[in-house]
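Both complexes below contain chain A, partnered by chain B and then by chain C.
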Partner chain A sequence: MSTPVSTAAASAGALVDEAEHGSVDHLAGSRHDRRGRTRVDPIYYWFLIPTLALFTLTITVPAVLGIFYSFTNFIGFGDWQFTGFTNYIAVFSDPAILASYGFTFGFAIVTVLLVNVIAFLLAVGLTSRIKLKTPLRAVFVIPMVISGIVIAYVFNFLFSNSLPAFGAAAGIPWLSESILANPDLAWVSIVIVTAWQSIPATLLIYIAGLLSIPGEVYEAADIDGAGAARRLWSVTLPLVAGYVVINIIIGFKNYLNVYEVIVGLTNGGPGTATRSIAMTIFTGFTGGDYAYQMANATIFFIIAVAISVLQLRISRGRAAN
Partner chain B sequence: MPRTAITRPAPARGRTRARAALAAAAAVATALALAGCGSAGGGTSDITFHMSKPEAIPYFRALVEEFNDQQDDVRVTLDTASNLSAGFLRGNPPDVGLLNYNYEMARFMERGALSDLSDMPEADRIRPEVQDLVDQYATYPGRTSVLPYSVAAASVIYNVEIFEEHGIEVPTTWDELIAVCDELEAAGVTPIYSTFKDPWTLGQGLFDYSVGGSIDVPGFLEQMEEIGTEVGPDSDVSFQKDILEPSEQMRQLAEYSNDDAASRGYGDGNVAFANGEGAMYMQGPWALGEIAKTNPDLELATFPLPSSDDPDDLKVRVNLDLALWIPEASTEKEAAREFVSYLMQQDVMDEYNAEFLGFGTTTDAAPVTDERIVPMQEYYDAGAFYQGLSRSIPLTIPIDNYIQTMATGGDIPSTLATIDADWARLALRG
Partner chain C sequence: MTQTAAKRNPASVPTTRSSDAAVATRAPRRRGRVGQERTNWSTLVILLLCALTVLLPLYVTISMSLKSTSQAVDGNAFSLPSPIDFSGFAQAWELTNFPVAFLISLFITAGTVVGTVILGALASYAIVRNWDHRLFRWSFFYLLTALFLPFPVVALPQIQLTGLVGLANPVGVIILKIMFELSFSILLFTAFLRSIPLELEESARIDGATTWQTFRRLIFPLLAPMSATVAIFAFLASWNDFMMPSLIIADSAQQTLPVVQSIFQTQFSNNYNVSFASYLMAMAPAIIVYLFTQRWVMEGVTQGAVKG
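Our next item is the complex of A and B:
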């Protein structure tokens, strides 16, 4: 799959860039030569080479090849010819692909909002002075260690069997039919499962953010007579705003790549109601439509890069403040 | 045969490097092989045999062992797992392939990746109507690239006990079929057990049966192919025009399904049908074995779905469950052909078909004996069969999902128009 790879690559680039700005490179390993110039021990370059070589071989080269083939009619093997921008023009007029973009972006926006609201509230709860804080934190993080496809199949069973059985027993008509089979509601199930799976990671970042707020500001707020809601709104939120931005952007980018949860839940159905971008791209491999879906993947890659650049801008802007 | 959603044919990446590495590996291997030959003085050829039909793996493993034991010239290694697309891409496909022949395989054939077998005596034994099934997907000029090995015939599976209990005769016209459904429903029996949750079950079942019963599928596809980019509301042939009626028939039948069909999958269906939760089931012979796992004593039989008012106009759906081929890239074609001849011996083929409920592909094949599929033999012998439309169109078009939309209440004309638009767009790029 080139899409998740390309977005991963884009965000990896962004992170590397950020680290440089945080600038740790002057700390270690540099010596001064006779003329007083900083001379870096070549060993540090050697550290980079294995990763660089692997990265080039397994990510850069395939990505470049993929982009190259998007201008051809290559089907995965055999002869091919250049077709110029035909594939790109066809992508923009393909309702199936446009629908998958619409679905994926809508899904990502809803999910990112839901995940961040829930994770933030959970984090506030889990950093306050409650009992059983540590075991509770462990419990909330468990979904993170289960593979997405497993989660999806478990929920598939729940949505297809348990929930309808409950709905029938409780006399709730809309619940007695599987929401996976309802073209208007199937997306809700994907949002729920994705949120369930990705809240822990978001939660951890929020906990870290909340713990970094010094106690004094709350004491000061207390002295000024601020209540709990006021403290949350005027003290906590502004102080973790950076974490909110990071969570929203990283989360959004991840949700754009949604794939295995959908495969396990609806496989794009009912009908074509829940086909994500990554799923349409993947049909290029299974359906012998390689070059065409590479064009789709290239467009998607450009979008991912744009989001990464945006992320960098925002986080740099905050660093400057 | 549930189609696995997560097979991953490797994309074309690092081709040059991979090829260079392979060439190097091949050179080393050749050198070693030559050295081996020099010392041993024998001429054993090693070939790989790809066969990945899960339930048949033990069967073919035994067969390969037997072949290896009885002669010393060819050593066959059974390969049940490697990725075919990747193999063809790297230029080292298996030497012999025996698998389901479908649109995906046809791509390889169309680009000349499979060698010509027309000079093998075995090729002459294949029934011409069966060989035609191969050509319906794609052809390569002047070649017989694929030898059909076993045909799976599918039609309506019915629960004999339920039919007898309600005094129901097997319907031979559309009106009779509807009458049967009404009668069963009135008696409180679910007429058709459906599993809409797995779209492929709808595609190869209700949809293909409804279409295949009333439309000349290869003729339709041929015309569609010709019209190509012009396919649309005004073209002579189109989904929205020709497939409209069968689709409406499908929808009418789909409404006789179990209430929870939308949340039932293939596995659920087999268990439920085995437990007598429905009178009819639109599945192929692959489901019979699964049903027998739950209820080995259930008496089942089959009949072709009637979609017209002519009782003589009945056909069964077929697919090439297994077909043999030898890639052009094989370096051991002679040895591969020897093994193909071994597999194509009539008694070997008959034995396979008897065990896996397949129909023979050769003129001298034994008839089927399993009670459940015997009713289909007369149609098969008469050539009254068709390949499912849902399995005969380019894989890029998510036909099963569209069918699911139509069967579960979506707008039929507009969905068919979408398929036409997809078709025209694909033709433009092709």
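Our next item is the complex of A and C:
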């Protein structure tokens, strides 16, 4: 019997496991030649090789090329020389880049917590016995299909016009000026818009998780006299723990790439207060810092891989349970 | 035969599990919960208030777009438009060159969706049916590596190379998008293909079907539910994308709908009715498509996300 929790764990790692174990089954169905080896119908190569070639040219070659250039002083065109780890050493002592890592990680942690708490509570509400369940669900999913940059422009207007007007009327001094122009508060606007946009996907995963809990579990909790809050904390939450883990990791990885919401709200400002890692990397193309920013990108890549490996380990561990 | 089918079952567990989840999404009422028999009014009220935070920005967008320039300039987001004035739409249509931007967005989205589904399905079929051959097995893991690769990491060399080979245009964006979406679609397709019993294919082959015919007439139609999920993800990733087209497409006349909206931040920043009319026209197509395909989108995202 599979526990509902392990559903969420069927991510890359778990599927890779399935793939390895599943191979025996497929052998049974393949055609064999006289020596018992399987033959490959040549058309299978046509199915796969063009895709492999395209993938290599568009993903692998640029990645290798980029990492290669990160060890040079290439500025995007013209001559270059090897400079060893100079770029990497410089990246680690560059206050602008360190600030962008600090901002991006802080932003990702706050956003992932906020999004998961709200999405989980909404999912609990949307799976309880209420009227208007279907239309409510449909409304909550709408932000998922709206372009991030466009909704950021809409919120930009609200943050620079409506919110200060409200702040002035309510007599709150720090709110009567646009928070987008406030170096200490601009990040809050980015958290709000990112959360607004990414709650739906998280919510849908939690709804799937909550619906996988058998009703009998709640019957048992009821017989034991558990109250609503107690039931949520001690029964529901542990049973969807797998979904929580997956949501947090997927969300965190996405938020580290934050870019368009920032472009639409603050464009990295005021000053460089809200400049993310992605924005810093992209300055490499206009600022003549190509090789330098590729060193930055390579470090970012290593971090992304480390998080993915963590994700695989967690989901494999859960799949094994 | 039955025995083989039973033995194959463990391999298909992930598919079965998440289709359970999908079924559950479809028919949540089946699950009665003791202690919650009566409608929970306080929960409903809280949820309705939360739904307002989703609808409020959309209301502001619609009402601002219907205002006259003189009314919109006061910056009051929540007032109703009076009189209702559609001239913002006409101006936005011209300023953004809406038909061109819309068609380019449509072209990129259609190309990405079709390309991801077809290339993903073909590659997955080849991989799953030849798993015991090293080339195919390794290709699976090789193509999955893009899952761990954020676009910003390879963006600079990709901008450089697309420029060199004349692909700094919508076609280049389609190719790159497909390649980034491919890993995820192969993950979904291979899991699904492993759950299709081989007996089905063998009977087709006994009837003399070639591998291509088997794929075209039998396997690809069977993959339809998974293709829908893959297509929804590819649609959402390409229609609304800003980062990749803004960096890859060199000619601003060939930009997509989300990217052309930036002109209202620089040149026409005080014509709020025009900019909001333009935002509305950029949002509307995806919202309309969503309203007609709600259940598919919700099931697809749930199924895809739970697996990926």
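We adopt the following convention: the second predicted complex is superposed on the first by the 270 of 321 C-alpha atoms of A that agree within 3 Å, B and C clash if a C-alpha of one lies under 4 Å from a C-alpha of the other, contacts with A are read in each partner's own complex, and residues count from 1 in each chain.
The rule is short, and it goes like this: a contact is a pair of C-beta atoms (placed from the backbone, for glycine too) under 8 Å apart; a residue touches a chain by one contact, two chains touch by 3 or more.
These numbers were taken from a predicted model, which means no experiment stands behind them.
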Tell me which partner A:172 touches in the superposition: chain B (first), chain C (second), both or neither. neither
Could you say whether A:95 touches chain B, chain C, both of them, or neither, answering first, second, both or neither? first
May I ask you to decide whether A:237 touches chain B, chain C, both, or neither, giving the answer as first, second, both or neither? neither
Please indicate which partner A:290 is in contact with in the superposed arrangement: first for chain B, second for chain C, both, or neither. both
Quick one: is A:180 in contact with chain B, with chain C, with both, or with neither? Answer first, second, both or neither. first
Classify the contacts of A:263 with the two partner chains as first (chain B alone), second (chain C alone), both, or neither. both
Chain B versus chain C as contact partner of A:305, first or second or both or neither: second
Based on the superposed arrangement, let me know which partner A:53 touches: chain B (first), chain C (second), both, or neither? neither
Is A:109 in contact with chain B, with chain C, with both, or with neither (first, second, both, neither)? neither
By residue count, is chain A touched more by chain B or by chain C? C
Please report the chain A residues shared by its interface with chain B and its interface with chain C. 2, 58, 61-62, 65-66, 69, 76, 161, 263, 284-285, 290
Note: in the complex, chain A contacts chain B through residues 2, 57-58, 61-62, 65-66, 69, 73-79, 83, 86-87, 90, 93-96, 159-161, 164, 177-178, 180-183, 263, 267-272, 275, 283-290, 292
Touching residues (chain side chain A, partner chain C) in the complex: 2, 6-8, 10-12, 14-16, 18-19, 21-23, 25-30, 38, 40-41, 43-45, 47-48, 50-52, 54-55, 58-59, 61-63, 65-66, 69, 76, 122, 125-133, 136-151, 153-155, 157-158, 161-162, 165, 196, 201, 204-205, 207-208, 211-212, 214-215, 218-219, 222, 243, 246, 250, 253, 256-257, 259-260, 263, 277-278, 281-282, 284-285, 290, 293-294, 297-298, 300-301, 304-305, 308
Contact set on chain B toward chain A in their complex: 5-15, 17, 85, 88-89, 104, 107-108, 111-113, 196-197, 199, 260, 262-265, 394-396, 398, 401-402, 404-405, 408, 410, 415, 418, 421-422, 425, 428-430
